[in-house]
Amino acid sequence: MILGTVKGTVYSTRKMDNLKGLKFLMVQPVNGGRKDVFVAADTIGAGIGELVLVTTDQTTQYALDYPAPVDAMVIGIVDNPPAMES
Amino acid sequence: MILGTVKGTVYSTRKMDNLKGLKFLMVQPVNGGRKDVFVAADTIGAGIGELVLVTTDQTTQYALDYPAPVDAMVIGIVDNPPAMES
Amino acid sequence: MILGTVKGTVYSTRKMDNLKGLKFLMVQPVNGGRKDVFVAADTIGAGIGELVLVTTDQTTQYALDYPAPVDAMVIGIVDNPPAMES
Amino acid sequence: MILGTVKGTVYSTRKMDNLKGLKFLMVQPVNGGRKDVFVAADTIGAGIGELVLVTTDQTTQYALDYPAPVDAMVIGIVDNPPAMES
Amino acid sequence: MILGTVKGTVYSTRKMDNLKGLKFLMVQPVNGGRKDVFVAADTIGAGIGELVLVTTDQTTQYALDYPAPVDAMVIGIVDNPPAMES
């Protein structure tokens, strides 16, 4: 999974019907730069600045109540920035 | 998902039968360069210069009425370039 | 999808049984370099120097008559190098 | 698969229900740098500093007793750093 | 698919039960460097120094007799280093 920080929200009025009810967040990977920012769907309610765990590709479907064409989903909000053993 | 800008159209006469009816767009990721351009299928009708959300890999199938060998699909047109909290 | 140029053919005598009948091509992504070359399976008959569209991962299976362990398949031959709006 | 070293643990209280019972580890790929660190789920019990094999994407599901939205799973603990023939 | 050279073997005693019978090889992509080395499962019997074709992600399952959590599998041994048309 990718560990990232929520940086903003993406709004789309013209979109696929089966995306209704999903929020789209800009997520910047920890240790990544602006170039690495991607968009993840969210149903947990992550806020700007929160650290989140994101799963990708087909495994997103196990975080949804119905199939939807999204390849990145927030699966959890991280309690604290994890310590790294050197 | 990838946030990108539509840069052009790709035409292919000799192609798989189950690709009929799909439009193919050149998409440049936001914050990405020319080297990162990829091709996404589109059924929404995104135009040159529009900002789009693209899903990838197997999750493309949830944006199609029938199975097709495409690994990137436009799932929505973004209303405005999203603001990024620093 | 990846837009790439066919650069060569890969021959393999000792291979999985369910790969019989597939041709393997070296494909260099457009705007990519030698380091980015990958191998795609082909059933359309793309030739050296032709520009092709390649789909990846599990979606390759929708371009096959039977399941096969290939993660990249040529799905179309591109008519002309696409123009890019700047 | 990715060969990596366990660097830390990620804790998440607010998370998807079907993630209960999984431990989340920070994993740094061998030959990779800090920027490449990712998070893998673990049920084997890998410890900090151990060298692990990690599988990704949909194939994680074959390492689970039930479907879960995780795209990286520890599948084994490596006995010794592998020797590389030059 | 990735074209790579077998560089070594990875041994893991503590591993998932459904990995028994699979050999794990260090594979370095052709034109890639040490940083790009990854681990692929093998049932064909590729040896150190041999050039192999590797498929990734979910498509690995079509190269197995039973489902297993591996995201890279050797699918063939390449006869000769392929010539590249410039």
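Letters A, B, C, D and E mark the chains in the order given here, with residues in each chain numbered from 1 onward.
Assume a residue touches a chain if its C-beta (ideal position, glycine included) is under 8 Å from a C-beta of that chain, and two chains touch if they have at least 3 such contacts.
Predicted model only: the values in this text are computed from it and were never measured.
Subunit B and subunit C have centres, each the mean of its CA atoms, that are 19 Å apart. Per-chain Cα centroids separate subunit B from subunit D by 31 Å.
Residue positions of subunit B with contacts to 2 or more other chains are 57-58, 60-61. A ring topology is adopted by the chain contact network, closed into one cycle in which each chain touches exactly two others. Listing every chain once round the ring, from subunit C with subunit E next, yields C, E, D, A, B. Listed in rising order, the residues of subunit D touching subunit A in the complex are 7-16, 18-19, 24, 26, 34-35, 37-41, 48-49, 57-58, 60-61, 67-72.
Contacts from subunit C toward subunit B in the complex involve residues 1-3, 30-32, 44, 53, 55-63, 73, 75-80, 82-85.
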